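Chain nomenclature is as follows: A, B, C and D, assigned in order of appearance, with residue numbering initiated at 1 for each chain independently.
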Amino acid sequence: MIKAGIVGATGYAGAELVRLLASHPQARVEAVSSVSYEGKKLSDVYPNLYGICDLVLTGADEVVEKCDVVFASLPHGLSEELAGKCLAAGKKTIDLGADFRLDSESEYAEWYGKSYKRPDLHEKALYCIPELHRSAYRGQPIIGNPGCYPSSVALGAAPLFEAGIAEKSMVIDSKSGVTGSGRGLTDTTHFPNCNEAFSAYKAAAHRHTPEIEQTLSALAGDKVTVTFVPHLLPVNRGIETTMYVGLTAPCTAEELHKLYSDRYRGEKFVRVLPLGRAANIRDVRMSNYCDIGIFADPRTGRAVITSAIDNMVKGAAGQAIQNMNIMFSIEEDCGLDFVPPAF
Amino acid sequence: MIKAGIVGATGYAGAELVRLLASHPQARVEAVSSVSYEGKKLSDVYPNLYGICDLVLTGADEVVEKCDVVFASLPHGLSEELAGKCLAAGKKTIDLGADFRLDSESEYAEWYGKSYKRPDLHEKALYCIPELHRSAYRGQPIIGNPGCYPSSVALGAAPLFEAGIAEKSMVIDSKSGVTGSGRGLTDTTHFPNCNEAFSAYKAAAHRHTPEIEQTLSALAGDKVTVTFVPHLLPVNRGIETTMYVGLTAPCTAEELHKLYSDRYRGEKFVRVLPLGRAANIRDVRMSNYCDIGIFADPRTGRAVITSAIDNMVKGAAGQAIQNMNIMFSIEEDCGLDFVPPAF
Amino acid sequence: MIKAGIVGATGYAGAELVRLLASHPQARVEAVSSVSYEGKKLSDVYPNLYGICDLVLTGADEVVEKCDVVFASLPHGLSEELAGKCLAAGKKTIDLGADFRLDSESEYAEWYGKSYKRPDLHEKALYCIPELHRSAYRGQPIIGNPGCYPSSVALGAAPLFEAGIAEKSMVIDSKSGVTGSGRGLTDTTHFPNCNEAFSAYKAAAHRHTPEIEQTLSALAGDKVTVTFVPHLLPVNRGIETTMYVGLTAPCTAEELHKLYSDRYRGEKFVRVLPLGRAANIRDVRMSNYCDIGIFADPRTGRAVITSAIDNMVKGAAGQAIQNMNIMFSIEEDCGLDFVPPAF
Amino acid sequence: MIKAGIVGATGYAGAELVRLLASHPQARVEAVSSVSYEGKKLSDVYPNLYGICDLVLTGADEVVEKCDVVFASLPHGLSEELAGKCLAAGKKTIDLGADFRLDSESEYAEWYGKSYKRPDLHEKALYCIPELHRSAYRGQPIIGNPGCYPSSVALGAAPLFEAGIAEKSMVIDSKSGVTGSGRGLTDTTHFPNCNEAFSAYKAAAHRHTPEIEQTLSALAGDKVTVTFVPHLLPVNRGIETTMYVGLTAPCTAEELHKLYSDRYRGEKFVRVLPLGRAANIRDVRMSNYCDIGIFADPRTGRAVITSAIDNMVKGAAGQAIQNMNIMFSIEEDCGLDFVPPAF
């Protein structure tokens, strides 16, 4: 039984990890920490967990000590120190924050306004969307778990860039449920402000931009740039990303569909939808699926790809568990058989 | 492995049964039927199930033939015939409709406008909210699965009536999510009509009234009447019921809380909340829990009890599986370990 | 042209006053104040008002100085001082807070934990739901604007208590949209916490209880007690109140309906709905209407009354303007002809 | 007083016209028709209008006879006949459907699958987004009221194409509230299906595509093509459109902002937002405003323009009244001073 710990367990990704790990047959949550709620029970903060996970929240050190793998669910800039402690103690780290996602320290500095404190750790870390990067896992003790938006984009656009048929600059229009903004109280996430509302935010200026470009550029073997505009959607969960990709040669919808079907054959968590069906966040809620719907626009020479994930599962906690499974050499889909509800 | 079949699988309760049974370790969905969609795949109707349950919808007879237990998810008036076929074929029936809920045929006729077609079957049927009626199960081949509202009321009010401290007429104010209205299209459930809307419906005239009174009267050993007013809540799932019970003798909140805690000790699916906390539909979503929050109003001599269930799970499909487990003598909570998400 | 000012203009009631007064033919917003945002434009805080009301937020004294009437939209305990200043300056005050609602200082102290600072002012103030109390207006310089819940209850229950056919203790189950909680950020009103959620709060312990009992007792000519349980509804606007009133003598639905129709004949803002129709918050949104739906439950001897108001209009800013019209002897419905949208 | 009539008054655009015209100082609704509800009161179908508009629904001919201007709110293919009758009777027609929007009959045939029945009428009709086309109004008796999406796109993109700095093919990602789908019941608009859901529909295949291209091409003086993908947003009202326009020369955000501010100076219903603020459907609800937020993406050479309208007002009924005002030579903003609520 893998002993799993969560540092930052009262954040949304942390709470979701507890929910998902509760039914994992080979792992159990052994310790949880929180700076703000240390000493309280997790179920006092999350009444849904009452009687299910009544663990008392501790400090981070206790989590490192007790567990085999530590999930770091922290604001950026705080994970390196924790990962260093884990490494020293021989424990594995899965970072759900942004600190181990970018290969380039200068890009990290540019977009996050900080430099690395422990550059040495980054050589021991792998950024891993399993469907794209699992083959690069060679025992690294740290995994940088991908961002929610970048996961939805990378899975949705990868086949086009791998096949070399995409122009080198694309438009990405993403829409995320409010849990993507986390548990912190803000004007934007006050119910009367975001209910019956919809707006773009950080247009062409979101921090996930370099992460997206890094992944697509690697697939394309050339620099790819993107105009990435996220929007806040008045739902709890889900990211829908609509991608507009200029094609370097004409391509029918059927050809695109075949390309995707071939690429993702055998990938349990990627569902290439039947031609004509767009991805809907409803159909992947609470699950680790990424649904992909494919369209061609021959009038303009673009492909339109729609992808849908649950931002808290495939976009965060679920993918983190998928990465944990990789790290511990167990079946990659172990404990992740969540069936999305119809409603 | 129990072979489970669903007649009326494209209705909401049917679709939820498929979702829940997908992770049941001792049962699997073997056949599904639908009048309207016969010949199509279930996942064509419910894209969330794409790649998960791609069974082709058949007729009802094929379900009876192939399965050990048949879940009937049909409009009232249609389950007796099916239950008769199951009985003849030696199969068990769990009816999620209203046909096997009322002991009194005259009350059925009064509220549903129909008489029984097969009165003989009703002697072989048990109406069963497990926490209240499981001891009455003695191998009956038919179980009448309780209604959603009555489940939320009975669990919430039972301790007061069992203890004999409740006045014989009570007020019940229930609020249900829109899935309670089912999959059929109506003006009421058209999004712009029920979003940002809220209203009572069938005030003091809902068909669940006699079912509620039947259960409470049995517990009280005397005729209990209720004023029951349901409301439509603009959420997908959940029933919150607020019960106002005049007490025959003064009782503090602490005493009430102790009464409930004692009554439900060991009941996995009933969570008596800490004093001062009201039940919230959020905290039981997607799970088989019934949360109960307890308040006293000494100024007026009433107890105020709040209960919350997921109408599709503890109020329908989950309780039906709980009943299936009873029928097959396996652990009552088997396959029902669903953790409610925080959001 | 009445010069109207708002102290506490960045709160929700304040912002709604600005919206409603913008189309009032005999009043205009002359000054607005805010402690937190002094010096900013109101439209910087409320982008919906961009180009419509770009007034700069000042201090409260400037509002008193510039205006004929001051709307106080403040936390309880802060309005007496302001009302005192207005009185000294010969200006009228309409208090949307709780400070001028209760006749009994001891009840105020019991429920709000404070004593009056200026008891003398209370003799110069009138608590006024226009449909019930307008005849008591005799030039008082201060009006205590009623609470949102008490407005929905008083209009809904008044005819029964005036007619003397109601038992002296009743059950009130209210449901309010989230704007009722105001603009302040709280865990409860964080979108992912209240979306798809529903719960009672302050069950049998809400501060509006004594205000409700004060009004109904006055109408009944005898002490009336209530069990009042409010709930938080995941919509922006609206209060639906379901009232359960034991009747002292049998009464048909038709008789009840006639009683209400007669009582409210000529009342523009009270719509007694056709028999069989329940009040729906949807149908009164953005308007000053109070809809009332009437049901009888002969099985238990209770009347069930449903009322619906927009908590921000008839429950706050609209009723305050109605009271302003009374104070200035203009048509009571002047500037309040808002048509509720269908969706 | 202009006598206004609505043919198809029980549809959503019709009901919104009634709401808006109720406060128009120079027009009143004189007659309303409906095929499905002839003989019923409008307020029986829309209880929000109870006591406000209790007109009895008639046939279309009676509307033509009684009114000076007829708003046609009909499915496409049905407005020509009505417009012909109006013309014969000397009445003006404003068509809220698609029949008088496209200049090219062949495009109409291609996208709507029908040919014109009365080609002669189209010479007497003007397609009119007032801010772009009002100068072309020369007494035409028929106005083709623009589609909701095209209105949001045209106002948002016009300055770039008029200035000649836009590439000739652009990406348009629109999101519409559910009222855009109308009053008819569909699986897609059943509450549990669209609540907590989000998806593209008719990707690169929506009928508003040729209307958008027609307007932009005329502004650009050259053929413009668009990839247009609409999405269904789980809110009642509002369209947010995000436009991605490649620029033919580098342009800073400040330069773009100045271009827009200059272009729309004096346009009451177009609000160019301060730099850095994105358009939000919340801020224009229930009003005739179109908000525009402007961003530059120098990394990719694109402008990102966000526009927000209320699809039922500026996208339908409000713009129709604006066009009525033009037709009757009264102030264009007469009766359209609706202040969007903050919540």
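Keep in mind that, in the parts below, a residue touches a chain if its C-beta (ideal position, glycine included) is under 8 Å from a C-beta of that chain, and two chains touch if they have at least 3 such contacts.
What you are looking at is a predicted structure, and each value in this text was computed from that prediction instead of being measured.
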Within the chain touch network, how many edges lie on the shortest path between chain B and chain D?
-> 1
Taking contacts as defined above, which has more of them, A-C or B-C?
-> B-C
What whole-number Å value describes the gap between the mean CA coordinates of chain B and chain C?
-> 38
Using the average of all C-alpha atoms in each chain as its centre, how far is it in Å between chain A and chain B?
-> 36
State, to the nearest whole Å, the distance from the C-alpha centre of chain A to the C-alpha centre of chain C.
-> 46
Enumerate the residues of chain D that touch no fewer than two other chains.
-> 12, 179, 192, 195-196, 234-237, 280, 282, 285, 342-343
Which of the residues in chain B end up touching chain D in this complex?
-> 12, 178-179, 183, 185-187, 189-192, 194-196, 234-236
List of chain D residues in touch with chain A within their complex = 169, 171, 173, 175, 192-193, 195-201, 203-205, 225-227, 229, 231, 233-238, 240, 242, 244, 278-282, 285, 293, 295-297, 299-300, 302, 304, 306, 308, 342-343
Contacts from chain A onto chain B in the complex sit at residues 12, 15-16, 19, 22-23, 46-52, 179, 196, 236-237, 271, 273, 277, 280, 282-286, 291, 312, 337, 339-343
